[in-house]
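Letters are used for the chains, namely A, B, C, D, E and F, taken in the order the chains are written, and counting of residues starts over at 1 for each.
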Amino acid sequence: MCLAIPAQVVELLPDGMATVSAGGITRSVSVALVDDVALGDYVLLHVGYALHKISAEEAEATLKMMAEAGLIEEELGAGQ
Amino acid sequence: MSTILRPGAAIEMAHGGGGMATTRLIREIFARHFANPILDQGHDAARLTLPHGRMVMSTDAHVISPLEFPGGDIGSLAVHGTINDVAMGGAVPVALSAAFIIEEGLPLETLDRIAASMGAAARKAGVPIVTGDTKVVERGAADGLFITTTGIGIIPEGIEIAPERIAPDMAILLSGTLGDHGVAILSQRQGLAFGTTIESDSAALHRMVGDMLAAVPSIACLRDPTRGGLSATLNELAEAAGVSMVLKEAAIPVRPEVAGACELLGLDPIHIANEGKLICICPEEQAEAVLDIMRAHPEGREAARIGTVGASMPPGTPGLLRMETLIGGMRVVDWLAGEQLPRIC
Amino acid sequence: MKYVSEFRDPALAQSLATAIAREVDPARSYAFMEFCGGHTHAIFRYGVQDLVPSNVRFVHGPGCPVCVLPMRRLDDALELAERHGVILATYGDMMRVPGSGRRSMLTARGAGADIRMVYSPLDALALARDNPGRQVVFMGIGFETTTPATGMAILTARAQSLTNFSVFCNHVLTPPAMEHVLAAPGIALDGFLGPSHVSTVIGAGAYRPLVAQYGRPMVIAGFEPLDVLQSVLMLVRQVNEGRREVENQYSRVVTEAGNTRAKEVIEEVFALRETFEWRGLGSVPRSARAIRPELADFDAEARFAISEKQSREVKSCECPAILRGVKQPKDCKLFGKACTPETPMGACMVSSEGSCAAYYTYRRAETMAEMEAAE
Amino acid sequence: MSTILRPGAAIEMAHGGGGMATTRLIREIFARHFANPILDQGHDAARLTLPHGRMVMSTDAHVISPLEFPGGDIGSLAVHGTINDVAMGGAVPVALSAAFIIEEGLPLETLDRIAASMGAAARKAGVPIVTGDTKVVERGAADGLFITTTGIGIIPEGIEIAPERIAPDMAILLSGTLGDHGVAILSQRQGLAFGTTIESDSAALHRMVGDMLAAVPSIACLRDPTRGGLSATLNELAEAAGVSMVLKEAAIPVRPEVAGACELLGLDPIHIANEGKLICICPEEQAEAVLDIMRAHPEGREAARIGTVGASMPPGTPGLLRMETLIGGMRVVDWLAGEQLPRIC
Amino acid sequence: MKYVSEFRDPALAQSLATAIAREVDPARSYAFMEFCGGHTHAIFRYGVQDLVPSNVRFVHGPGCPVCVLPMRRLDDALELAERHGVILATYGDMMRVPGSGRRSMLTARGAGADIRMVYSPLDALALARDNPGRQVVFMGIGFETTTPATGMAILTARAQSLTNFSVFCNHVLTPPAMEHVLAAPGIALDGFLGPSHVSTVIGAGAYRPLVAQYGRPMVIAGFEPLDVLQSVLMLVRQVNEGRREVENQYSRVVTEAGNTRAKEVIEEVFALRETFEWRGLGSVPRSARAIRPELADFDAEARFAISEKQSREVKSCECPAILRGVKQPKDCKLFGKACTPETPMGACMVSSEGSCAAYYTYRRAETMAEMEAAE
Amino acid sequence: MCLAIPAQVVELLPDGMATVSAGGITRSVSVALVDDVALGDYVLLHVGYALHKISAEEAEATLKMMAEAGLIEEELGAGQ
């Protein structure tokens, strides 16, 4: 029961609501479950509620590990 | 002269009763917007003279909600849809009929706007609406307006469009992005409503088809992936032709907004309806020529080769249609058991 | 789409596939249970199996709330719509799920019941506001991912003094179900792909006691295909290195503690049920949520008299065993014959997270061939 | 093989989704009952070869409630209605299309019965249903089932049926009793329901028309007095032809039960719909010959001459259609402003 | 059809026409008012005028309950359906009648109001039984012919303890309206065709005081064309012989006393209103019925708060004068132009008993020619 | 408001109801307003209620007068 997608906060609204954008489509959702949501933040959206902020640093690090996984030790060393 | 188009006027049962009110509705809305020499004869049935030959006849009931949506309305859609079905038979569309089922209470202004749009679509396409019918049902017995269009067309000499002509190794072409129509409609739906700049792709494709067939008469099959989307259409064709097919997910054009809406609602663009796209299956060696012709038309600007016909298969083989996924895996592309429902898991 | 497209990148997929191929020990086999149906879906949808060696095998777990909902609860929901005449608001996922006598929300709606598909509990609240003369019942279902949203809706209804809104609560908990699988005698699993979105709420820490007690590796894994591949790589390494830890692949949204605010909402609105029936797992103690008595006004079970009923699952449906990970769809003789997505016999054939649906949609030919060969 | 026709099964949205459920619905109900070589090709559009010539195209949406009624159902009605409209154009009907709009929840048995009746009507008439379409709408968005049929036909050499050919002194013929269909339907309507043995006159008239035109090619005009009844049809013709007409009330055949129902509800049979009757306007001297041919067909057994065309009149003249009443007075026969409502005063 | 066909016989019509032609005095003219719209309808429908000499002229009276209903009452009914959300049950006759702002029951239904056409008050009762959760209001309208049926429905509702049925009562009385016409100064009428079906209830005796007081001949006449012709013959004879009596042509159903049981029902259920507004006639004392206070539960006016409103008739509509018999449709400059059955400005153009509707439907060409000539 | 038609009672039902027939069509109506309704009686029917019985003798007499109206004195005399 866990379809959740990353969406960017493009407008903060009253009552804990915000407009988010995902791939250019927008929708008004509740951000009441997440603290300190700011304009431009990416959040994970589930059934109309933001569940969590997305950490850009962690995402970056994960992708980096993925890219490095296929390299053999030497390549890794060479790449650094 | 008084007109039935008074401000605030709405469809009443009388407009469908067959008496004076029906006649005035037909005259002041439909006949006015659809005007053409055949319709203007004013008979209950149209008379037209056709060259001898192979003919195509196709019909579609249009039941869309909302009636007016980004990029079109039920009227232009009903014209485009049937023109396309005739064109997908390889024929040059020559005439349309239109039957209206109208819910009591529909604002006459709405009907007038839709009829105007329909007339404009028919004129732009050069395919006249030659006869029609109007029925009114009580409030609650229909959803605003349904339009059934039927089209006839003539197949030029030497053209033979049929699933049976699909053969191994042929190229599978798609004339543009998937899912625009379905997502434009979804964006308006109560309870789902989301903001988007996506417009329906509703368009008449017969001119593009005419050019394609003129240049490449060896095209084997044409089909518009409407209801059920690409998956239903290709599954049907694969089954009818007794072949397997392999698509390349990365090659299928999808607008970012459509992708976004699909992620949000758990949908897959390959199941979503299109109203201005076609699938063309042609000999491998003609693929580039056909793509060039498509891309020269505004409706085919984003045309792409999306896959290849595989081997012949015995009838009843499951999983005829497969797709190489984005990450390089393989999956079957099934058609859906029912309509695609928004989901959260 | 940012944070989506990157995690479906074919070059990175090849990189991970290369690493897995290199690190997998060809002399042994690896059986990993993906607890979540979301992972099942991703594995099939993207053909992840094609990118890992054949001695790495996925076993599908019970993490599909639609699949584990006992038929009785669905029949109860249908009764609310049909006998009590309420507007029943539900996620699209539930519409096709078969209840007793092949009835479903779709067929009930076709027969006149007022059942509305919603995308969010917020939409159900709007229905209640827009239909003041009608009772609106929201079918609350889902794991900890979905529970806070339902809880928020109840708190909002209370704040807005809505008297015609209630929830038919079927929310369940992940750790007790996971424990149920782990505690099964003779479990042949080498590790777990841990829940992704559930973990954004409950946090990675929630699994540590289980992993400590039962000693199986777990990697909390995102739902994108690269997340799955990377998590497989991490599990392979744990197995190869003999580690039994909770690792967190999905660190971009999962923290050790999860979402404290969301957990507070859950605690404020819901109590733990003493026990709850799961399809496949049977009665699992302290595994589900009920609405707290002080919020009984918003509890459909308190508001409407729901009749006792005997709901009987289709006898030869193997869903229960499949949900425990001990059978596969090919072991069900109804698969692809009497049971198809069009005429489903069990929820696993309907839910987009269900194993049978995944095998049917993406692997029907192979599965049925295997079935024939076995006969 | 499993069939979708399980006891108690009903139409679901999925049946209109374009996926497998739609395909099975079409195969197991429509294709089964309508089977013919053209439809069996299984394309979205029908292909047929026609002789060169003048063609007629006509369409009608059918929205009747109840769906099944004494003497017929919406399926046979949809076949007969469009065959008749093509025949009234002087053409030999050659093919029909059928588009279905189905309300979620319609019992599949009902749909199957209606499709069977429709297939039987088409076979009996010798006019195949060559292509079709199926849409499903949510419960409450339609009234069970709507069927739009479109027909095409070929006009034989030497035949020219048109209101403009109506000339002074021609005879006005009616092929049988008025009002049977409308009263059969009214008798089933909630709140009005009354007992009657009256059945709808729904029938295909093209064979009778074929014989009439073969024997008397000088027939000027044919029209079936459906919606709006005799009054609307003749008013339309009188206006189109620019002539007056005089009817003789005593000559108009009406069954006693129809007369009784009209007295009860304050209706006039000349405004009530028929579905198996035609009006023929022909040169005075051919009237008896045409009547003899009509009476030789079961559909025309009670044919009668009901009036005469009067003088040519300038366009816009009011009161073109008049009637000598039973007691010998004269009255105008107007068409109705709206539908005819039951009344108590 | 027995008792119908015989009274439309062409030979008998000729017999009566011959007698009238023979007995009419060519040196004078005869102006007879048919009080009832039913007679107006018969006269036009059968072309009765063609069978009598041209110096016998019909003047149309106010006997059309739809025509004389003030617009305000129709607006009130629309308010019941639109604002109070009741099921409004009404005869088909009312559906097209124009209220304020060109609204009608048909347009209101098209806009979503729940308005149902019924053939009988029995059908309205059935609606109430079938929709226990809804209030059903029956629009009671008509002269004494129709009043007993409405009364019976109220008594039945009471007997069956129906709590969701009430009547919006607009029943009016014939004799006061007739007196209003008779009492008008300078009345140029030589006699009256008296009401046919009203008289089956109130009896021929009901008119004797009026005829005695105002000294005009009256023949109670059936609605079939031969009844009208015979009554004309009887009136011609009274005029020629200088008699001023109440005669009864319609003796097959009209007696001196009428229907005692029906009159009792009327008295049991309804009281007389002190006064009532008639379109055309203005306020007429003791001319209408209201539901007795002891039956207020069944009185829609007591049950629902109906707002005060200004309903304004179309200014140049000549309905009022036409209803009093002092003008004809051709004297209305809207006739056939702005006012047609499709776009009616007054009820007289809609009701099947209305004079304007009759002239439009059956004599449009002649009437409009006369209008042009007069300009 | 006075469309009323002659109809024959073809069946007496409980609760003051009866089935009547008019030109072959039948309907169940109330005869509660008319005393002593018997099978075969003709009644005048209005909005679902019988308002009055129809007198066959009076109808006969009326038709006779109509027929005689057009005759001149001598014919009348001759006819008798």
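What we mean here is this: contacts are C-beta pairs under 8 Å (C-beta built on N, C-alpha and C of every residue); 3 or more make two chains touch, one makes a residue touch a chain.
In UniProt terms the chains read A, F = HypC/HybG/HupF family hydrogenase formation chaperone; B, D = Hydrogenase expression/formation protein HypE; C, E = Hydrogenase maturation factor.
All figures in this text were calculated on a predicted structure; none of them were measured in a lab.
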So which chains are sitting against chain B and chain E (Hydrogenase maturation factor) at once? D
Based on which chains touch which, give the shortest step count from chain A to chain F. 3
Starting at chain A, find the fewest moves between touching chains needed to arrive at chain C (Hydrogenase maturation factor). 1
Farthest chain (mean CA position) relative to chain C (Hydrogenase maturation factor): F
Sort the other chains by how far their Cα centres are from that of chain E (Hydrogenase maturation factor) and give me the top one. A
Which pairing of chains gives the most C-beta pairs in contact? B-D
Roughly how many whole angstrom separate the Cα centroids of chain A and chain B? 37
How many Å are there between the centre of chain E (Hydrogenase maturation factor) and the centre of chain F, using C-alpha atoms for each centre? 22
Which chain D residues sit where two or more other chains touch them? 12-14, 20-21, 138, 256, 259-260, 263, 266, 336-338, 343-345
Sequence positions of chain C (Hydrogenase maturation factor) contacting 2 or more other chains: 1, 4, 14, 17, 38, 64-66, 91, 93, 106, 119, 123, 142, 146, 226, 229, 342, 353
Where chain F touches two or more other chains at once, by residue number: 1-3, 5, 22-23, 46-47
Between which chains is there touch? A-B, A-C, B-C, B-D, B-E, C-D, D-E, D-F, E-F
Can you tell me which positions in chain E (Hydrogenase maturation factor) touch chain B when the two form their complex? 102, 106-107, 109-112, 338, 342-343
Spell out the residues on chain D that touch chain B in their complex, using ranges where they run on. 12-14, 16-23, 42-63, 65, 85-86, 88-89, 91, 95, 97-101, 130-135, 137-138, 140-143, 146, 148, 150, 152, 155, 162-163, 223, 226-229, 232, 236, 240, 271, 273, 335-340
Write out the stretch or stretches of chain F touching chain E (Hydrogenase maturation factor) in their complex. 1-6, 8, 22-23, 29-30, 32-35, 42, 44, 46-49, 51-56, 58-59, 61-63, 65-71
Touching residues on chain D, where the partner in the complex is chain F: 187, 193-198, 256-261, 263-264, 266, 343-345
Residues of chain C (Hydrogenase maturation factor) that touch chain B when the two form their complex: 1, 4, 8-10, 13-14, 17, 37-38, 44-51, 64-66, 91-93, 95-96, 106, 116-119, 123, 126, 142, 146, 225-226, 229, 340-342, 351-353, 360-366, 368
